[in-house]
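Contents: one structure, followed by commentary.
Chain naming follows the written order as A, B and C, and within any one chain the residues start at number 1.
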Amino acid sequence: MSDREQTGRGIGRLVGRAESVLRDTLLAQGAGVVGAVGRPAERLLWPVAERYNRRLGERFGEVTGLQLLLLVVAFGGLVTAPLWGQDYLRPLTLGAVWAVFAMGWDIQSGYTGYISFGHSALSGAAGYTTGLLVLHLNPGLSLFVTVPLSILVTTVLGLAIAVPSLRLRGPYFSLVTFVTVLLFYRLTKALSEWTNGLRGIRVDVFTYDLTLQYYMVVVSMLAVAATLTYVGRSDVGTVLVAIRENEDAVSAAGLDPTKFKLWSFVLSAVPMGIGGVLLAHVNAGVDPQTFVIVDNSIQMIAMAVIGGMSSILGPLGGAFLFVGLRDVFLVGLGEELRWLALWLLVLLVLVFARDGLFRLLWRALGALGGDRR
Amino acid sequence: MTLLSVEDLTKQFGGLVAVDDLSFGVESGEILGLIGPNGSGKTTVFNCIMSIYQVTGGTVRFDGTDITDDKTHEIVNRGLSRVSQESNPIGSMTVRENIELFTFPNSIRSLDGGASDEAIASYAAQVDIEDALDDDPGSLPHADVRRLEIAKALATEPDLLLLDEPFAGLNQTEVRRLSEQFESFREQGITMVVVDHNMRGLMDLVDRVVVLHNGQKLASGDPADIVGDERVQDAYLAGEVSAVQ
Amino acid sequence: MLGDIASVIVDGALISAVYALIAIGFTMVFGVGGVLNLAHGALIMAGAYTYLSLVSDSILASVTLHPIVAFPLTIVIVGLISYGLYVVLVRTIEENVVITFLATIVVAIAFTELVTLVFHAQPYQYSVVPGVLQVQALGTRILYVELAAFVASWGAMGLLWYYVTKTDSGRSIRATSMSERGAMLTGVDVSGVRARTWLVAGGLAGIAGVFLGGIGAAEPTMWLEPLALAFIIVVVGGIGSIKGSVAAAYIVGYLQTATGQFLGQSVRGIMSLVVLVVVLLVLPQGLYGTEFVHE
């Protein structure tokens, strides 16, 4: 073995050892404390969880007491945010919008494993539909018109991308979606006379009241979350996961993988459409930098990954975490450093916690419930 | 009545001819053995029937209908299922969920379809794995993983079952038990084509044998006749013959 | 008109050589480890900025090297960055294709931020070989840097060809690329081969970066286009095939140049992407490649 290779092996071994040390010390100590608090809490909460499970467990998945507590606290926090977080309404609103994007990405890419880099083209399509309608048709167009139209355009575009490219496996599929985004971006520049090029199109905010805007976004987000979680847990979700794990088995089961893959795109396009319109209004405009560029696709993916792919609620949490870090907690580092920190975090999650931070949390909470499940 | 009919089937991979102008039929209710030395094309024939490969030439007919260009899932939905040589259960799902997948209707509107727990349990019971329903496939012994593959195929309610090396890796007791189970499938009305190397297990089970060699049909007929056929012996049974006789 | 056509023929020939270099690095890494290194464009960008820093007196004021020295130094530095990227990050995750994919694109984006942090967002022009050659007979002009790019690229390809056909270490790369199992069975240290491949690919990317930055400019978003081009060329030529990459590089290079000359710059950007999509749908295995089949 050459010196270079020996060094490489050495580094690898160091990393591995650091990993196990972290795991052994932190987990051992942490587990002790957490267990002391968690187990009695779980016993207290279990009856409530049981009742929930009986009613909604079939539809949305079963939970333990602590997991239910997490959900209730998160939901409560979101719903009461204007009371405790007036200063944070803007990042929370943005977090909710990006949560819609991340969830939309997840039901397609996270579940089927066909990783799409092209979703910012879909949200961009929605944003630009709204923008173009407002600019060229009627500035005062009501949401009841722009929203359905934008979703329609997004769905059509989604199918237009999906139909030819889903025949390709793995990385080829992802490459095509990557290229689609680049194409879309160059089109917005090339068709500048229609799209205002890099300047973008101004869109009226639907309300200047930050609280009202927040609730409009959060309610939409919760609706998307509930629907997608339900679908994810249904037969359709099972088939999508099966496609990821073993597409040939799906065919052997008499199920048409292509049909289900296309459906996952449709399921994905609707949230992208909703989110795109929301973002256009929250952002007071649509432009290539905020909507289309491939960086935005990667942000969506990053949110889903750090939250936990293929779980819908994981990406939701990931989105809030990402936006929270980006717009609130890391702001002090300055523009480039905070992005560097964010991407470094994503890399760390990819290497050490690829199941996702919220999924790990969920499992940890579930483990405190004992052997009930 | 001929349930499956393979006519002049040819499959080429670049310059290599894996299956060469092969024709044979499978009668409803029979158990047909498809044998041949390694590389004679048996799995390729199955792959062509199931449309995993596109045929280079020839036709495959099932219950009178030309299925040569159908997609795999369409073929399965017609009543023709296959158990592969390799097992690949979905590791993140339990045995029960693995079988349930094979009972889902081919519909995007299906939110809570699939067979009932009892039906799934009965498929599992037909191959003796009803006790493993809530286990992970990764924790199962090899024989049970193979049985899971068969249960999955059963769950599609097939009229004809293609079995690729079902006895591989099983001990004698397991082989005998599986043969009994195949006989009970036949009683339920399932026709079968079995590919295997295990001569003893196979010859007792099948009604008729087709022998492949270099992608072509070498011989066909009664198991006893085949075993005694010199050409077949030359091709590969030499040494095995004494074991069977 | 003649000048335009001559210009396309000449420019196309020159720039395609650099494109070939980009594609070869990309396809080598894929052929050997199954990794689509989406950070390849970032490595190219690293080449441009490293060279810029070494040569310019305004960036690292203490380091102002002559191009003759800076050039090979840049190649080595970028090669080492690429090697480091493999050893520290990719090697720990390469069994999972999806994770690796995501990780390399995140590295690319992170690198953009780093570059913006250090060098700021404005484009830097720098000179590799100054001056212009007037070719009166054809009515066209050629930048000396383009000529240098052509010579350097073909030189590098020649050295690479020698390396992978005549040296043991290079041949083990080819062997692993053709059949990993086979290579392992004949005693090849696959992990070492992969690390070496990343090193070489990095060097090639460095060369390409120096010239792409020299012909255009160095800026933090310059990694996108070479990466897209690398995909297109590698897909058209066949993933894993060096021969295919060179042939496809010339096809794509000429297509780009001709479109740019006669239809305008914005169409140029769109045309090549459309070509990629068409090829992927019609001929997924490319000209010389084998179909994308997992080992």
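Note that in this section a residue touches a chain if its C-beta (ideal position, glycine included) is under 8 Å from a C-beta of that chain, and two chains touch if they have at least 3 such contacts.
Which chain is which protein? Per UniProt: A, C = Branched-chain amino acid ABC transporter permease; B = ABC transporter ATP-binding protein.
All values reported here derive from a predicted model rather than from experimental measurement.
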item: Selected interface, A-B versus A-C, where C-beta contact pairs are more numerous; value: A-C
item: Chain whose mean Cα position lies farthest from subunit B; value: C
item: Chain centre separation in whole Å, for subunit C relative to subunit B (CA means); value: 49
item: Distance between the centres, which are taken as Cα means, of subunit C and subunit A, whole angstrom; value: 32
item: Rounded Å distance, subunit A centre to subunit B centre (Cα mean); value: 42
item: Residue numbers of subunit B (touch at least two other chains); value: none
item: Residues of subunit A that touch subunit B when the two form their complex; value: 58, 230-231, 234-236, 238-239, 241-242, 245-246, 248-257, 259-260, 263
item: Residues of subunit C defined as touching subunit A within the complex; value: 36, 83, 87-89, 91-93, 96-99, 101-103, 105-107, 109-110, 113-114, 116-117, 189, 191-192, 195, 224, 228, 231-232, 235, 266-267, 269-270, 273-274, 276-277, 280-281, 284, 292
item: Complex interface listing, subunit B residues touching subunit A; value: 50, 52, 71-74, 76-77, 81-82, 84, 88-93, 97, 100-102, 104, 106, 108, 110-114, 152-153, 155-156
item: Of subunit A, residues touching subunit C in the complex; value: 1-2, 4-5, 7-8, 11-12, 15, 113, 115, 117, 164-165, 167-172, 174-176, 178-180, 182-183, 186-187, 189-190, 294-295, 298, 301-302, 305, 335-337, 339-340, 343-344, 346-347, 350-351, 354
